[in-house]
Amino acid sequence: MIRTEQLSLAYGATPVVNNVSLTIPEGGITCLLGPNGSGKSTLLKSFAGLLPARSGEVLLDDMPVSEWDRRRLALRLAMLPQKPIVPDGILVKDLVALGRFPHRKWWQNNQAGDNRIAFESMVMTGVSELAGRPVESLSGGQQQRVWIAMALAQETSILLLDEPTTFLDWGYQLEVLELLTKLNREHGLTVVMSLHDLNQAAQFADQIAIMAEGQLEVSGSPSEVITETLIRRVFRVETSVSHDDNGRPFCSSYAAAYKGEKSTPYEHRNPMASEA
Amino acid sequence: MMESEPTVRPCRLYALAILILSILFVLGLMAGSRWVSLSSLWAALNGGGDLLTKISVVELRLPRNMLGMLGGAALGVAGAVIQGVTRNPLASPGLTGVIASAALAVVSLRTLASPDAFWLPLMALAGGLVGGALTFVIAGRQQLQPERVVLAGIAVTSLATAVTTGLLLVSGAEAAELYYWLAGSLMGRGWVQLELVLPWLVLPLVVLFFMHRPFKLLQLDDDLALAMGLAVGRWRLTFLLLALLVAAALVAFTGPIVFIGLVAPHIAKRLIGSQIKHWLPLSALFGALLLLAADILARQLAFPQELPVGMLTALIGAPWLIYLLNTKQSPRSV
Amino acid sequence: MTAIVTAQKPSNRAVIGIILGGIGLILAIVTGVQSGAVDLTWGQIWVGLTGDSSEHVQRVIFDIRLPRTLIGLLIGIHFAVSGWLLQLLSRNPLAEPGILGISAGASLIAVIAFVIGDWVVSGANPYNNTSPVLQYLPWFAMAGGLVAAVAVYLLGLRNGQLSPLKMTLTGAVIAGMLHALTTGVLAFWGHAHTELVAQWLAGSLYGAKWDYLFTLLPWTVIGLVGVGLLVKPLKVMQLDDQHVHTLGLKLNRWRAFALLIATLLAASAVGVVGPVGFIGLVIPHISRKLAGANLPVQLVFCVVFGALLTVGADVLGRTLFTPYEVPVGVVSAILGVPFFLYLLSRQS
């Protein structure tokens, strides 16, 4: 379980995240949402112990993440950066096998067991047929699945993803999110990711945390969090929120709200208001 | 990149720079292995005084000072032009491989033949052109990213340096002299050299000063400049050629002197901000000032020996560049 | 099914490449012993090697050509492996000991040591032709190379993280400055030995003797052992920094270690034969091309082809324009040019 207590983060002298207290439940999918520069990626990095806290703490299993040994941490959580670097010419199977690194001493080579696990993670993500191909030759969606396979090969119970859908086409975005949901449901993987799309978050997340200007605006289940007033305040967009058959909220945007105004003149003209 | 900073009134800057330059000039006439007092300096310049003073002032120090001033101005302008038209704050004759390849051309000419001094600037120009063109071709014409250009320039420089070093081995008796020249120095450059290099420096400089309007437009986005009716490609090429010309011609006579072409335009830009029309003249003044000062220092620091001035400018310029890489304003947070 | 994910095996192409490279290397070594100012016949070499021939032939083989060829082989390995490490480390295909300032630092300190040593020992007679400093040059060079590398490394940090691009630029700037200083020192205080030092600065194997080989050999061993230790961490270090951290690798420590090994290899070679450029640039590229992403195979390629290029360049340099010798540094630079251009044009 990851918990932050009054966490503040900064790049050099620039404060980025302020006083955030948030609990990430084990075994669920948590989405971090917020406008650009709201600090959601920074928060995610701090979960992985990549950024020292300026004040407050990030606690992983009730121990500050900064006190974790790097290798033990690597056995507990995996992280996928937003734009991971593909080593020149590397093959899919070799990349996925790198996920086994923390399981061996640094001088040991991967053994049969490691290779089995790497293979299984490729099967899970549906890239086992691509094993012998260079990663660069794959489509964006395939590459993203390869990266997830590598993270799975790390056999951690927590997976952090920094905007895993940003550079993908729509279809691939859903493909990746469905894969993550499957891994969560079938293998109990705890998934924490930052996303841009509110509706995707609402559809796939168990918990949503919304960041704005470095502060945690609100966190809770999708239906608690996604409301018209909140979206107007945080994203400055006029929306109407409806719910699908599973009770998950769904919002359609139709106008930019005026900056800084508490109630917008368009509110009474909301065409969907009567239906909702 | 520093447009937003408060700027100084240009006329005051000109006045100050010219004042310091004149003081340095007089100092440069006085300093040397024999110090000359102001009064005997005056006498020597008027044709009086003792013969020794007269020779050292009129025949040695005066042309040397003038070459230093002109050369510094040429390097400053060349740097500003290259930085301006490629919109690359890291570009300069040294960092784009121009100086090293010009030096290579001169060394090969002097090794393989014993040419008349008249041919040296031409050869240096040819070498500088090839080197500069190579750098920009390597860096890719489409996106002239500052770092890519510099990386390519460095590669060209190290290539030229390797071949130069090899040539020196073959050059036999001339090697020591060439080494001297390669260190970059104004020592022993007299009226003869000044006369030879003068047209190569003065003409392009004058032309460049007259072209300040297109220069200003070239600071803009290419499409914008095109939309204003400027033939961007042709003008940029013209500017680059002229800049190469002055830098290469100077190298032919003084040897490679690096970093002045980088530092002088930077200081100028920092002081004048967005007043682009003052950028070239001020770069010239600061370049002259820097090289003259460095030359006087080079004469005095290790007295009675002389330091190569190229060594001094490198010692001053490299930390400056590293400082630049470490400031926030560095291009695209390298 | 799990056979898909087995340990990386070299491809057939790579195996053939290594075999061909090995054969080429043996041929180059034999040619290196055979040709020169006096060409020897195969028979003479055989008799010479088995120690049953005229004193003259024996001297030529054992005192001149064999040590020279072997030193060429070693420095080729040094520069190639050093460049390979630096390119991986800085994620910059243009990185090499010369461009990162390591060779320049080594050269400057070596030249200063030479000049000062000369002045101390034979101050009275600057035309005394033997300089005792010559045999300690590797040590001075290594010190200089290390200082330059550490400076480049520290100045190349951005917010405590290594920034490959900034490191390369910083290295290049420092290399430029050090080079200007070296030229200055040599021009103004080199005295009668300018030519001797100039020869060294051009990267030449001329006059290489057995003691050079024994000076160099320990560093070859240390360097190669170090690289062997680094192979597995390097695989991970090719990824994004953050990614590397989350895989549990202590990145800064390993980077510093890799930089140290790369510096030791390059600077010790500079100390013995002077700065030889382009081997460290070209060979790692060829290795990547031929070996694919398989790092251990790349390393073997670097060793074999680095040695081959250097020995070959030296043979060319001393046979093309006999009786003149073109230093190996110049030959390798000239061979490197077209390759370099091709490389960069492909990049853009």
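Going in written order, the chains are labelled A, B and C, and every chain counts its residues from 1.
We adopt the following convention: a contact is a pair of C-beta atoms (placed from the backbone, for glycine too) under 8 Å apart; a residue touches a chain by one contact, two chains touch by 3 or more.
This is a predicted model, so every value here is computed, not measured.
A.B. asks: In terms of CA centroid distance, which chain is the most far removed from chain B?
C.D. replies: With centres defined by C-alpha atoms, farthest from chain B sits A.
A.B. asks: Report the most central chain, judged by the distance from each chain's C-alpha mean to the global C-alpha mean.
C.D. replies: Closest to the centre of all protein C-alpha atoms: chain C.
A.B. asks: On a C-alpha centroid basis, what's the spacing between chain A and chain C, in Å?
C.D. replies: Those two chain centres are 46 Å apart.
A.B. asks: How far is the middle of chain B from the middle of chain C, if each middle is the mean of its Cα atoms, in Å?
C.D. replies: Distance between chain centres, rounded to whole Å: 34 Å.
A.B. asks: If you average the CA atoms of chain A and of chain B, how far apart do the two points sit, in angstrom?
C.D. replies: So the centroids are 53 Å from each other.
A.B. asks: What residues of chain C sit close enough to touch chain B in their complex?
C.D. replies: Within the complex, chain C touches chain B at residues 92, 94, 98-99, 155, 158, 163, 165-166, 168-170, 172-177, 179-181, 183-188, 190, 194-195, 198-199, 201-204, 277-278, 324, 326-327, 329-330, 333-334, 336-337, 340-341, 344-345, 347-348.
A.B. asks: Show which residues of chain A lie in contact with chain C when the two form their complex.
C.D. replies: Spelled out, the residues of chain A in touch with chain C are 11-12, 45, 48-50, 70-75, 77-81, 83-85, 87-91, 93-94, 96-99, 101-102, 106-110, 112, 115-116, 118-119, 122, 128, 131-132, 134, 154, 160.
A.B. asks: Would you mind writing out the residues of chain B in touch with chain C in their complex?
C.D. replies: By the definition above, chain B touches chain C via 90, 94-95, 134, 137-140, 142, 147-148, 150-152, 154-155, 157-159, 161-163, 165-166, 168-170, 175-176, 179-180, 182-184, 256, 258, 305-308, 310-311, 313-315, 317-318, 321-322, 325-326, 333-334.
A.B. asks: So in the complex, the part of chain C that touches chain A is made up of which residues?
C.D. replies: Where chain C meets chain A, its residues are 1-2, 4-8, 91, 159, 229, 232-233, 235-236, 238-240, 242-243, 245-250, 288, 292-294.
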